[in-house]
Amino acid sequence: MISYVARRLLGVLAVLLVLSVVVYATFYLAPGDPARLACGPKCDPEQVRQVRAQLGLDQPVYVQYWHFLTGIVTGHDYSTGTGVRHCDAPCLGLSFQSDQPVTDLIVQRLPATASLAAGAMVLWLVIGIGSGLLSVLRRGGVTERVLTWITLAGTATPVFISGIGLLMLFCAYLEWLPFPTYVPLVDDPEQWAWNLLLPCLALALLEAAKYARMTRSSLLETLAEDHVRTFRAYGVGERAIVGRHALRGALAPVIALTAADFGSMFGNAMLTETMFGLPGVGQLLVHATQTIDLPVVVGLVMVTGAAVAIANIVADVLYAVADRRVALR
Amino acid sequence: MTELLTAPSGPSGTEAGAAAPASGARQVWRRLRARKAALAAAAVLGLLVVLALGAPLFAALEGQDPTTYHDGLVDSARGGVPVGPFGGISAEHWLGVEPGTGRDLFVRLLYGARVSLAVAVGATLVQVLIGVVVGLAAALGNRLADSVLGHLTDVMVALPLLVFAIAVTAVAPEDFPRPLLLVVVIGLIAWGAMARLVRAQALGLLKLDYVSAARLSGASTWRIARRELLPGLAAPVITYAAVMLPQNMLNEASMSFLGVGIKPPTPSWGQMLSSATTWFRADPLYVVLPALMLFVTTFAFTVLGDTVRAALDPREASRLRVGRKRRTRKGGSS
Amino acid sequence: GPKDGGGDAGSADGAGGAPKKGGTLTVLNRAPQKQFDPARLYTSGGGNVPSLVFRTLTTRHRANGAEGTKVVPDLATDTGKPSDDAKVWTYRLKDGLTYEDGSPITSADIKYGIERSFAAELSGGGPYLRDWLIGGQDYQGPYKAASDGKTGKGLDSIETPDAKTIVFHLRKSEGDFPYLATSTQFAPVPKAKDTGAKYAEHPVSSGPYKVVRNTGDGEHLLLERNPHWSEATDKERHAYPDTIDVRSGLSPAVINQRLSTGSGADAAAVTTDTNLGPAELAQVTNDKKLASRVGTGHFGYTNYLAFNPESKPFDDPKVRQAVAYAINRTSVVNAAGGSSLAEPATTFLPNQKPLGYTPYDHFPAGKTGDPDKAKELLKEAGHPDGLEITLTHSTAANFETGPDVATAVQEALNKAGFKVRLEGLEDNAYEDKIHSVKDQPGLFLAHWGADWPSGGPFLAPIFDGRQIVKDGYNFNSGRLDDSKVNDEIDAINKITDHDAAAKRWGALDVKIGEQALTVPLFHPVYKRLYGKDVKNVVISDWTGVLDVSQVAVK
Amino acid sequence: MTAKSLVSVEGLSVSFPSAGGPPVRAVEDLSFSLAPGGALGIVGESGSGKSTAAYALLGLHRGTGADVTGTVRVAGHDVTAADEAELRRVRGGVAAMVFQDPLSSLDPYQAVGDQIAEVHRVHHRGVSRRAARARAVEVLDRVGIPDAARRARSRPHEFSGGQRQRALIAMAVACAPRLLVADEPTTALDVTVQAQILGLLRELREETGMGLVLVTHDLGVAAGSVDELLVMRGGRAVERGPVRDVLRAPAEPYTRELLDAVPRVEERRAPVASSDGPVLLEATGLRQEFGRGRRSVTAVDGVSFTLRAGETVGVVGESGSGKTTLGRMLVRLLRPTDGELRYRGRDIGGMKERELRSFRSELQMVFQDPVSSLNPRRSVGESIADPLRVAGRLGEKEIVARVRDLLERVGLDPDAYHRYPHEFSGGQRQRVGIARALAPSPKVVVCDEPVSALDVTTQAQVVSLLGELQRELGLALVFIAHDLAVVRQVSDRVVVMRGGRVVEEGVADAVYERAEHPYTRGLLAAVPRLG
C-alpha cells in the first residue's frame, strides 16, 4: 500500500512535468505578447523590448523552461529595481502582470477554491447519491420522477444562469442569505459556510444529476445480483438492502468519477468564482489566461493538476479498500 | 445412453415448438420498442433533429431568417428590450425577438439546434470512443500500459478545458469549420473521466469467471474486451454518456461565453444562453427558451440512455415489469 | 442564522441632508486593482481609487458635467506656468504638504516619481512623458542608471531648483501639459521609501486615504483615512467616509444586483468600473426608486469602424464612403445597449465641447442607413454586383468591439450590396492584429478614448502621420500622413488657452472627416447604479462616472 | 393441510415469461404439506422445478415477473397474499432459505460475520451489535468453519466454495427459524463436512423443532435427513411418501430410474481402455500463494502431478483444501507462485498470455460457480460458441449446429441457444459450463465440481458423456468433486488433498479399498448411503 502510494506520487511528478510542457507549448502557440500586455497598449517598441528582457522572455523557450524548473527546486531572486525579491522554493516565478510571486498568489487564493470545491463536492455527493438512492427506493413513483426532473434541470443549466437565479432568489428577493463574499474559514466558520452556500450549490447542481444517474444505474445493476436476493430472503428491508448491500458496490464507479470530476470541476469553479466574485484560483486562471500571464497559468495548472492527480490516488486507494478483491497495481 | 441424451421432457421442452427466438440485437431492439419512454424520447430527439435540419424550411414558413435585425421591435431607450408582452411574441415572431437586435428567436433557436446538437453529440462520441479505448487498454494491459495510460488520463483530467480551448481555437486556421473544431477540442480534452470509469468497471468485471472462461477459449485480449467486457460496460458508459452530453452543450456555452465558441452571427443554444444571462427579469422568455431546449434535449437523451441501458440487460426485462405490477396489484404474485 | 457581512450599515436619514463625515464606503468592482504603483497606473485625471491615495501636481476638477473637464491645481499652487512657447512648464508646491507619515512632500519626490516610471520594472504608464520630456526616449529610470552609471542618475529635463519648485523642459510645445500632470506618475514618491517593484504593496500616501490592506492581488483593498492629509491644502477631495472598502473580482451582474438590492453594507456602495447593462437598464427604468439611484455620465469616447486605406478595396475612397452611407446607426446603437447607453456618432471627436466637438455629417446615412446611396457609390467604384469584404472584430463579449456590434454592421452593409464576412479574433490576437502596420485588416471595429478632455490626445495618435509606429502598436490606422494636418497639430499644441485650442481641434476633425478614414459609430453613455445611502453624487464629463472622492455615506 | 401444518402448498403453479416464446411452466399444480418439526425432501432431475417451488415458500418470486398461482401457507401466513411487511417477517424469522448458488449469494463487500449478524438483528430486535457478532461467530463455528472468530472478519472471496456454503447455512441457523428451506445445501461440501452439516440440521430439528424442506438431487443425503420424500419431474410431483417407502419400494418408474442411477462408492469403475497414453500435463512442486506478507495464504503447497492422455484423475478433499486453486493453475488461469508445469513437454508455467494462446483451446475448465462463469448479458449459445469462433475454423452455420449438438449432448434443449443464464436452473447452468468447455475439442479438461448440482440421472448422463468423449478424443480429465462415489465412478487415479497438500494418491480402486491416510479413511466413512 505504502509503496503503491509512493509509486503513484512519483507518477504525479511525471504528470506535472508533462502538464507544464503542454502549457508552455500552448502558450507559445497562442496569440498575443505578454510583454506588451504587461507594458500597456501605448508602450513603444523599445520599451516593450526592455520589458521583455525584464520578464526573461527574450531568452529561448528551453532556457525559460529550464529556469522555471530550477526555480521550483532552488528558488529564485528577482530584481525589484531597488533591491531583490527572493522567491523561495518551490518558486513558480513572478506574475507578469503584478510582479507577485506566483506561489504567493496561489496560496492566497487556494483556500477560497478549496472551500468551494469541498463544499460543492459534499453537496453534490449528498444530493447526487441521495437522490440516486431515493429514486431507486421509490422506483417508478412520483418521487423518482420529480428527482429526475430537478437533477436534470441542474445539469442543463450553466453556472452563469443558475448562479444569477440563486442570487436573485435567495439574496435579492427573499434576502435569506448574504451576497456571497469570501470569509476565510479561520476567521468565522459560520459566516464562511453561509457565504459559500450559494456558490457551492450552483456548482453542485451542475454535477449532482450526473451522480444521481450513475448511482441509480449502478444500484439497479447491483440489485440484480444474487447476493441481494439472499438478504431479501432474510427479510432485510429494502432500505437496508439498497443502503448497505447494493450501495457499496454501486459506489465503485461513483468514486472513480468523483476523482476524475475533480478536474472538470476546476473548470466550472472558474466560472462560479467569476460569477460570484470569490477570490479563488479559478478567477485567477481566467484572468491569467486572458492576459497571457504564463507563470500564473503554469503554476495554476500544476497545482490543480497535482490536486486532481492526488484525488485520483485517494480514489484508487478508497476503491481498493472498499473492494478488497481489487488489488492495487 | 440414447435415452439419456434426448432432451428431458421438462419445462424447457415447452419452448421447443416455438419459433426460433430472436438474436441478441433483435431482442434488445424488441425490448426497446416495448417501452413507451424510449419511444417518446426518441420521438423528441427526432423532432429536434428534424427542426434543426429543416431550419431554413421552418424559417421560411414563419417568414423570418436568423440574422435580420428588427430595430423597430425593440425599445432602444430601455436597453433594447423587445416591444410588447412576452418578449415580443407576435404572429410574425412566434417566440418573440432577441433583445437589442430584434432578431427572430424561433428561427435562431432552430439554427442554434444545429450547432448545439452537432457539437454535443459529436464531442460526446469522441469522448466515449477515446474513453472506452483508453480505459479498456489500461484495465487489460500490463502494469506499464496501465500506469502510462493512467498518467495520460491524469494529465487530461487535469487540463483546464477552457484555457486550452482558448489557445487551440486561436491557432486553428480561420476557415476550419467551427463546430468541428469544438467537437475536436472538447472531445480530445475531456475524456478522462470516461476512461477512469471504464477502467474501474472493467477491473471489476475482470475478476469474474466468465472472463477466465473467455481466456481459456483462446480469445485475444481485444476479443475479450469486445465480447465479454463491453456488454457489461455498456450500462455505465451509456448512462455516463447521457450526462456528458448536456455537459458538452454547456462547455460549448462556456466557450461562447469566453468568445471561443461558435462564430456569430451563427446562433447556438449555448451562445444564446450566455448572452441571455442578465435578461432574467427584463425579458424572461429570452433566458427560458434556450434553457428549455437544453433541458428537453438533456432529458430526452437521459431517458433514452436509461432505456437503452435497461434494454441491453437481459435480466432487466423481468425486473421492470415488477414496478407496474406492484402498483396495480398489490401482493398479487409471490 | 446568516448575517450580512462586514461594515456598519449607514443609518442616515433619506438621500437628502448635508453630507457628513464617517462611515464605510464599499466599492464593488469588476477588475481587481492589480497595480497600485503610481508609476505603473495608466489613469485619466488620476483615476478613481488611486486618486484617493496619490495626489498629483494638478488634478481634474471634481464637479458635475462640463465643469468637471477643467484641470485644477492639486499639489501645485496653479496649473503650471508655461514659457518658451509652452516648452517649459514651472510649478510651485503648496505649503504644508505631507505624506501619511507626516514627512514633507518635496519637488524632488515628484521628480523621482516621474523618473522611476521610466524603469522597465515599472512599465505600464502612459507614453507621454517619454515622448515629451527632453531625453525621455533614452532614459531608463533611476535603477538602471545606478548600476551602470552611464545614463546618469536622473532626468536632466526635470529641474528642482528648490524643494518647492519643479521645472519641466519639453522637446516640443505642449499646451496640454497641465492635463498630463494629473496622471499618477506626477505623484510624489519618497526615494528612501522606494522598494521598486514591491512599492505597490505599500505605497506612501499623499492623499486623504492610506492603504491598510491589499490582499488577493488587488482584489480586496482597504483604505483608511490618512491623518496627515489636510483638507486645507486639498480643495478637490472631500473624503467623507472613514474607511473605503474596495472589493473586486465580482461579475457585473452581481455588482448591479447588489447595488439594486442594497442590503447591509451594500446600501453604502458604489462601483467605479461597472456600467448598467441593457438588461438591467430595462429593469431599472421600470422601477422609480431604482431609477433615482442611477447616475448618468459622459466620457470622451468614440467607437468607430477603421479602414486600412492601403488595402483593397478600401484604397478607393468611394468604397469607404459607401460603407459610411450604409451604416444603420440605430441597429448599431441597439447592439451596443440601446439609445440610453450609446449615442449615434457622425464625428470622430466625442460630443463634448471641451474636446472641440463640432457637429458634422459628411456622409449622411440617416437613422437607419442609406443603402441606395451606398449601392450607387459602389457602382461608381466599379462594383455594380456588390463587393465581398471582411470585417474584423474581437470575440470578447464586450459591447464595443465584440460580435454584437459586428453583426449589426454586417447586417447593414449586406443590405447595401456588400457581402460581409466576419473575422472574429480572440481578444489578444485582435489587439495585436489591428495595431500592427503589417497585418492591419482592411476593415475593423475600433474605439478611442481621451486620456484627458482635450482634442489633442484624441486626434493626434490617430491622425498624426509622424506617430505611425512601424514595429509596435500603431493607432494611426488610416495611415494619414498629411503635412498640413501634422502642422496644424503642432500649431494647436502651442496654444495654452484650452477653449481656443478646442475650436481648432474641432475644425481639424471636420476636415479629416471628409476623407472617410473612419466611420464613427457611437459614443457610449455611462449609467451607473449607486447604493441608497450614497450622498453627494458628482459625475464629471472628464471621467463620466461617480467620483469616489466626493461621496458621503452619512 | 391441516391448520396445524407448518407448510401447506396447494395447487401451486409457477411460470416464467420467456422472450419470444410461450411462458416456461416451471412448477405445475404442486401440493404438499409439512407438519411442524417434520422434514421433507424434494428430489428430482435438474430443471424439474425444485428450486422454483422452494422459492415460492418464501414468496421470493414476487418482483421477478414470474406468474404464481395457488396458495402457499407457512406457519399460518398466507405467503401469496401477504403484504411487504408481513412477508419480511416471514422471511428469515419464520422461514429461512439456503440458496443453491452459495458462491454468489454473499455480499462481496462485507465481512461474512457482519452479514450474519445483520440478518440476525433483523429478526432479534434489541440485540446489540456486539452480541449479534458474537452470535455470528458462534454459528460459523457450529457449521465447522475453523477459527471462526477470525474468519468471521473475512470477506466472501477469501472463502472457498464450501466455506461460503457453510456461511450461508450459518446465516439461516442464526435466525433460528421454524422452517428451513435448504436448496442443495451441501453441493459444494466434501463428505465429512456434509455429514457434519446434515448432523447439524438434525440437531437443530431436535433442539428447536425446526421444520426442514431439503431440496437435493442426492438421494443418499435425502435418505438420511428427511422423513418424507417428494419426487418431482417436469414441474409436477411424481411420487410422495415416507422416505423409507419411496426409496425401498418406489411406486413410479421414474423414481426407480433415479434410484438405479445413484452411484455407489463401493462400486468399482467399469473397465476403461488402457490408460497409458502419453503424458500431457506434468506438474512438479506447484505452489500458490495469495496475498503478500502477513496476510498471505498458501492455498496449494508443493503439489506434484501427472496427467496422461485418456485418463481421468479425480481430486477429492475437504472444502478449502486447494482443489480449485490447483485446477486453475493446471489450465494456467493462475500463474504458479512456484514449481514447474509442463504441457506436452513445454514449460507453460511461466509463459506469457500471448504465447499461451495457441494452447488455450486444448486446456479447458468447467468452473465451480456456474453463476459467475456465464456472462449474464450474453445468451448461453453465444458463450458456448465463443471458442469455436475464436478458432475460426468453422462457418457460422456449422458453429450453431455444433453448439446445438453440444447442448443436446449435455441434456439441454438445443433451442436454449438464445436464452440467457438467469433463465436456467442451477443444474442447467452447470451443464452449459460443461458444454462450453467441451466445445473447442480440448485435450485436457479440469472439471471443478461439474456435477455437484445435477440429479443422479443427469449426473450419470454427463459422466457418461465425458467418458464417451474421453474414448473418442483421448481426452484427459481432472475431476474435482466432493462426491466420492462419482469420483470413483469416473477416475482412474485419485488424489486426496488436504490443506493444500496431497495426502494420498493412487489408483482409484486401491485408494478406495485400501486407504492409507487416516483422513482418506475418514472421508470414505462419511459417505452417506441409501437406506
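Read from first to last, the chains carry the letters A, B, C and D; within each, the first residue is number 1.
Keep in mind that, in the parts below, contacts are C-beta pairs under 8 Å (C-beta built on N, C-alpha and C of every residue); 3 or more make two chains touch, one makes a residue touch a chain.
The chain list, named the UniProt way, goes like this: A, B = ABC transporter permease; D = ABC transporter ATP-binding protein.
The structure presented is a predicted model; accordingly, all values stated were derived computationally and were not measured.
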### Task
Work out the mean Cα position per chain and let me know which chain is farthest from chain A (ABC transporter permease).
D
### Query
Hey, which pair has more contacts between C-betas, B-C or A-C?
A-C
### Message
So the centre of each chain is just the mean of its C-alpha atoms; given that, what is the distance between chain B (ABC transporter permease) and chain C in Å?
### Response
48
### Query
When the C-alpha atoms of chain A (ABC transporter permease) and chain C are each averaged to a single point, how far apart are the two points in Å?
37
## Note on the structure
In whole angstrom, the CA-centroid distance of chain A (ABC transporter permease) from chain B (ABC transporter permease) equals 24
## Note on the structure
Taking each chain's centre as the mean of its CA atoms, chain B (ABC transporter permease) sits from chain D at a distance in Å of 44
#### Entry: chain B (ABC transporter permease): positions in contact with at least two other chains
166, 170, 257-258, 274, 277-278, 280-281, 313, 315, 319, 326
### Summary
Shared-interface residues of chain C (touching two or more other chains) are 253, 425-429
### Query
Touching two or more other chains, which residues of chain A (ABC transporter permease) qualify?
30-31, 164, 168, 323, 325
### List of chain B (ABC transporter permease) residues in touch with chain D within their complex
1, 4-5, 7-16, 18-24, 27, 30, 208-210, 212-221, 223, 227-228, 231-232, 234, 312-315, 317-319, 321-322, 325-326, 330-331, 333-334
### Task
Name, in rising order, each residue of chain C that touches chain B (ABC transporter permease) in their complex.
252-253, 277-283, 285, 328, 330-331, 333-335, 337-341, 368, 394-397, 402-404, 406-408, 410-412, 422-429
### Task
Show which residues of chain A (ABC transporter permease) lie in contact with chain B (ABC transporter permease) when the two form their complex.
11-12, 14-15, 18-19, 22, 26-27, 29-31, 139-140, 148-149, 152-153, 155-158, 160-161, 164-165, 168, 206, 209-210, 213-214, 217-218, 220-221, 224, 252-253, 255-257, 259-264, 266-267, 270-271, 285-286, 289, 297, 301, 304-305, 308-309, 312, 319, 323, 325-326, 329
## Note on the structure
Note: in the complex, chain A (ABC transporter permease) contacts chain C through residues 30-33, 36-48, 50-51, 53-54, 78-83, 85, 95, 97-100, 105, 108-109, 164, 167-168, 171-172, 175-179, 181, 183, 191, 194-195, 273-279, 283-284, 287, 290, 292
### Query
So in the complex, which bits of chain D are touching chain B (ABC transporter permease)?
16-22, 24-26, 45-49, 56, 59, 61-68, 72, 79-84, 87, 233-235, 328, 331, 333, 353, 357-358, 360-361, 363-365, 367, 369, 372-379, 382-383, 386-387, 390-391, 408-409, 411-420, 422, 428, 433, 436-437, 439-440, 457-458, 460-461, 464-465
